[in-house]
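In what comes next, subunit A is part of two complexes: it sits with subunit B in the first one and with subunit C in the second one.
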Partner chain A sequence: MSLEPQRFAAPADVARLGRNALVVGAIGAAASVAGYLSDPAQFFRSYLVSWLLWLGIAAGCLAIAMLHHLSRGAWGLMIRRVLEAGSSTLPLLAILFLPIALGLTEIYPWARPDEVAHDEMLQYKTWWLTPGAFYLRAAIYLAIWSGLSFALNRLSQRQDETGDPGLFRKMQTIAAPGILIYALTATFASVDWLMSVDAHWYSSLFGVYFIGGQGLAALSFVVIMALYLAKREPMKGILGANHFHDYGKLMLAFVSLWAYFALSQFLIIWSGNLKEEVLWYKERTEHGWNIIALGLIFLHFVLPFLLLLSRDLKRRGRPLLWIALLLLVMRWVDLYWQAGPAFSPHGLTFHWLDLATLVAIGGLWFAAFSRRLARRPLLPVNDPFMEETLDHE
Partner chain B sequence: MAKEPRPSASDRLGKPPVLAPGHTTSSVTDQISAVILRGTPRWWYFAFGFSFLLVLLLLQSLTKLFLEGTGIWGLNIPVGWGFAIINFVWWIGIGHAGTLISAILLLLRQEWRTSINRFAEAMTLFAVACAGLYPLIHVGRPWLAYWLLPYPNTMGMWPQFRSPLIWDVFAVSTYATVSLMFWYIGLIPDLATMRDRVENRWSKMVYGALAMGWRGSAHHWHNYETAYLLLAGLATPLVVSVHSVVSFDFAVGQTPGWHATIFPPYFVAGAIFAGFAMVLTLAIPLRAIFNLQDFITLRHIQNMGKVMLATGLIVAYGYMIEIFMAFYSGNQYEEFMILNRITGPYRNFWWALILCNILAPQMIWIKKVRVTPALMWIVAMFVNVGMWLERFVIVVTSLHRDFLPSSWGMYAGTKWDWATFIGTIGLFLSLLFLFVRFLPMISIFEMRTIVPKSDSEEASA
Partner chain C sequence: MSAPGAARLHGLMAEFRSARSLIRACERTHEAGYRKTDAYTPYPIEEVFEALHLHRSKVPLLVLIGGILGCLGGFALCYWTSVIEYPMNIGGRPHNSWPSFIPVTFETTILVASFFAVVGMLALNGLPMPYHPVFNVKRFALASRDRYFLVIEAEDSRFDAEETRRFLASLEPTEVFDVEP
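And then the complex of A and B:
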């Protein structure tokens, strides 16, 4: 099999998809701006959840790419370009963080001075939760992730150009500490951005749960893209049932992991039944939010878990596509369920801005993603492990 | 699978092989079975004899315990859980590496597991045996320990199903059963090999009975492969579930320092960390004593080191997030508990724990350390000690400072606590010495499956 980079140029469809996404994103952005003008508080709250979803996909792509560099499994090479393009959008997401920074008082109780003045616990927590420190930490997290993805992408590009077989060691040298730094920063980011919407609540498992959710979202997105590419030249016939079998297994592992974290956190807090912890679950299991909670159990775990057990469904493209789409939607539902009750504890509500901001960020994000994907060959042909990966039948 | 074997990228890039070059299927069989057929070396009697003396010490401590009760231990209020639970968790954690190696690495198609899975599984069984002893003797009246099982009885009494202690009974007994099945089924083809190779008539009969009529027909192999894969699938969730349930023993209560949601994944990572440390502790001397360097290569030691480093870092993450959340939570008891761990009367234990579990394993980042078995053995010993200290710190520091200062106290193990603990180490070692003497400690038939590949690698090199 010849391994010239030109053979693996991305299909023209990818660029077209990106242009369409840009149009859709622009419409969403216009709607979001209109929503902001009419209801700023709602805009910021919807925006946070939407931004966290797309950020999770990009950051999850970075984490999976680093895991791939360390484990050197055949599974990773086939999707490496998708992972790289996904993680390369992190600078864009850093810019898209700005609305959250501007809407701090609408989102977080600890950012409202009048509320802090009446709440001893919030006063105590000012050692961590203050606007200044929050901005600084967000800048650090986003800069580190962008830097990691930039460094890895650049090495990967050099590998394409020079074919130096030693470059993969350099990638490993970045990925090993990178994954550690990522785990730490993502944990604190989860506390800052999501956990502190209810500034009284705390759970030491939360960061791990957040990282697992991001990984699952990124994996689902990557599987969708891989299925899309597998139907078109040049990947047609190269990305096959065996690869999707592997990705299906990985999804099964991530789905199980998500459920394990969710159950552990719930069981321990429910059992301990301490006021400062259990109220978080109480809010999320009444006034309509309980329907979402049940939905999470069945559609984020039970159904995808049972479906992914089947060898046949993993190997056939279409069912796997639907499972991946379901999991992406459920990732959004999970984020909405975690953040939403802090904003409307008295009942489940949806607002059209939830959708508008999701489309706005998603459209822009996907346009950036597909631009990056179209720019480079779809396979890292000069990777020393590439040859045997293509033999993986 | 590649149709025609050729050097894989990892070999081209200069990684040590999983099987030293030059071996054929018969040389593998000869060399591994020779360990048993060669007869008993003199050192074995000393090693086994010494371990057996420790078993006698265990029997003595148990006799004393049954006669006088748990008062001979250092337990009291407020520290009502001591060595028994510490040692239980320590031993059960060690077992996890065996299950991970045999089940998860099998499903992940990591063929380097092949030469270490057999004795890692044996280690799991022996560790579970030692672990299972502690809850039984801790109940005070061990002859009534069967009350832990839910069965219809005339007293109308049932265990408390909401208590994780009863989940432990199910988790650990399932774990022991599945581990035993997995190990034994994996042994059957090798037991048949031993049956065919031993000269002595009695040995032949024993191995023959244990091999259950294995003749190596295609039908046998087909059934075997199916059963083995199914058991691997069954054992995989056990790697996570057993230690998660153990962590629930602590976490579902409200005691500061125990009630933390991070406990389940952090305990599981700690278990695998401890388990790999123990596998290295055993594998490094065994490969030297029995000249098994061809089978347990530097690749294995490196890979196990990497797993140990990764899981050790997850454990470090657990410590870090516990400290952070204690302060972030604003809960004064959590805060006090953490400060008490770090600066209180047991601070030396805590700092020693950080040295053993966090600092020492960082040596594994250095490649030179990873490929030097002696250094890896030292790191593994640090981890063995560190994981014991971790459980000591968790159990004792959380209990000894109760909510009211009037109920504060101190705890130390008595000589009988130590005798029991050392006794179980003796039990573990005795079983291990019996195992390496009478059963093939490396899976012969699985090693044979990786021979042709490395043969042709040599040819093309």
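And then the complex of A and C:
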């Protein structure tokens, strides 16, 4: 099998998809701006959840890419370009953080001085939860993740150009500390951005729960893209049932991991039965939010878990596509269920801005993603393990 | 059926020098309609399973049944002890506190599923097996080193000592052996 990079140029469809996404994103952005003018508070709250979804996919791509560099599995080489393109959008997401920074008082109770003045618990937490420190920390998290993705992408680019077989060691040297740093920063970021919408509540498992969700969302997105590419030249015939079998197994593992974290957090708080902790679950299991909670149990865990047990479903493209789409939607539902009750504890509500901001950020994000994907060959042909991987097929 | 007078055989064995030639031979054997076949290689080769259509094992189904039994059994155990036989007031919680049953339920699910996997695997593949006719062929020892073997058993309905020998020879093996029972 010849391994010229030109043979693996991305299909023209990818660029077209990106242009369409840009148009859709622009329409979503216009709708979001209109929403902001009519109801700023709702805009910021919807925006937070939407931003967290797309951020999770990009950051999850970075984490899985680092995992691949460290484990060197054959599964990773086939989707490395998707992971690299996904993680390279982190600087864009850092810019898209700005609306959250501007709407702090609409989103977070600890950012409202009049509320803090009457709340001893919030006063106690001001050593961590203050706007200045929040901005600084957000800048640090986003800079670190963007930096990691930039460094790994640059080495990968150099591997394409020079074919130096030693470069994969350098990638491992970045990925090993990188994955540790990512786990720590993502934990703090989850506390800052999502947990603190209900500033009274705390859970030490929240960070891993957040990271597990990110990993699952990123993997689902990657599987959808891989299925898309497998239908088109040049990946047609190269990405096959064996690879999707592997991705299905990984999805099953991530689904189980997510459920494990979700249950552990619930079980510990349920057992402790302390007022400050259980209230978070109480708000999320009544007034209509209970339907979402049940939906999470059955559609984020039970159904995908049972379906992914089947060997045939993992190896066939179409069922896997539907499972991945379901998991992406449920990731959004999960985020909405965590943040939403803090904004409307007296009943489950949806607002058209939830959808508009999701489409706005998603469209812009996907346009950036596909631009990056189209720029380089779809396989890292100079990777020292590439030939072995293709031979294995 | 073997010709009258000829010694009954366990089957016929062909030796191959490379994995690729074995895979090709397996494919052609399956195409020719032979079903009581087996291949022996020094390391697992995914394509051989596919070529001989060996993937349809009953073990996954057994594991699933074991998992379901373990899941129901574990929960029933917790329910029986905490609600029926020894109801106790623990921190004012209801007797049927299902969240606290889940860790036990999870563990028994894994336990019974893995028991079913190991015992089911042994029951279906017939291990431990102190005697197997293939070892009557001296060169078969190389199956754990660098040679690849394909056996068509005499039990196969299409088996005919002469015709099957010709068929195996047409697959370009290095040699074809009779496997004494």
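Convention: the second predicted complex is superposed on the first by the 391 of 393 C-alpha atoms of A that agree within 3 Å, B and C clash if a C-alpha of one lies under 4 Å from a C-alpha of the other, contacts with A are read in each partner's own complex, and residues count from 1 in each chain.
The criterion applied here is as follows: a residue touches a chain if its C-beta (ideal position, glycine included) is under 8 Å from a C-beta of that chain, and two chains touch if they have at least 3 such contacts.
Bear in mind the structure is a predicted one, so any value in this text is a computation, not a measurement.
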Partners on subunit A (subunit B, subunit C) - clash or fit: clash
In the superposition, subunit B vs subunit C on subunit A residues touched: B
Subunit B versus subunit C as contact partner of A:Leu267, first or second or both or neither: both
Partner chain in contact with A:Ala34 - subunit B first, subunit C second, else both or neither: neither
Touched partner set for A:Leu136, first subunit B, second subunit C, both or neither: neither
Partner chain in contact with A:Arg311 - subunit B first, subunit C second, else both or neither: second
Doubly contacted subunit A residues - partners subunit C and subunit B: 267, 271
In the complex, subunit C residues that touch subunit A: 46, 55, 60, 64, 91, 93, 99-100, 102-103
Footprint of subunit C on subunit A - complex, ascending: 242, 263, 266-267, 270-271, 273, 309, 311
Subunit B residues within the subunit A interface of the complex: 1-3, 8-10, 12-13, 162, 240, 244, 248, 251-254, 259-265, 313, 317, 320-322, 324-325, 327-331, 365
For the subunit A and subunit B complex, residues of the former touching the latter: 72, 121, 124-125, 127-128, 165, 176, 180, 183-184, 187, 191, 202-208, 260-261, 264-265, 267-269, 271-272, 274, 276, 384-385, 387-388, 391, 393
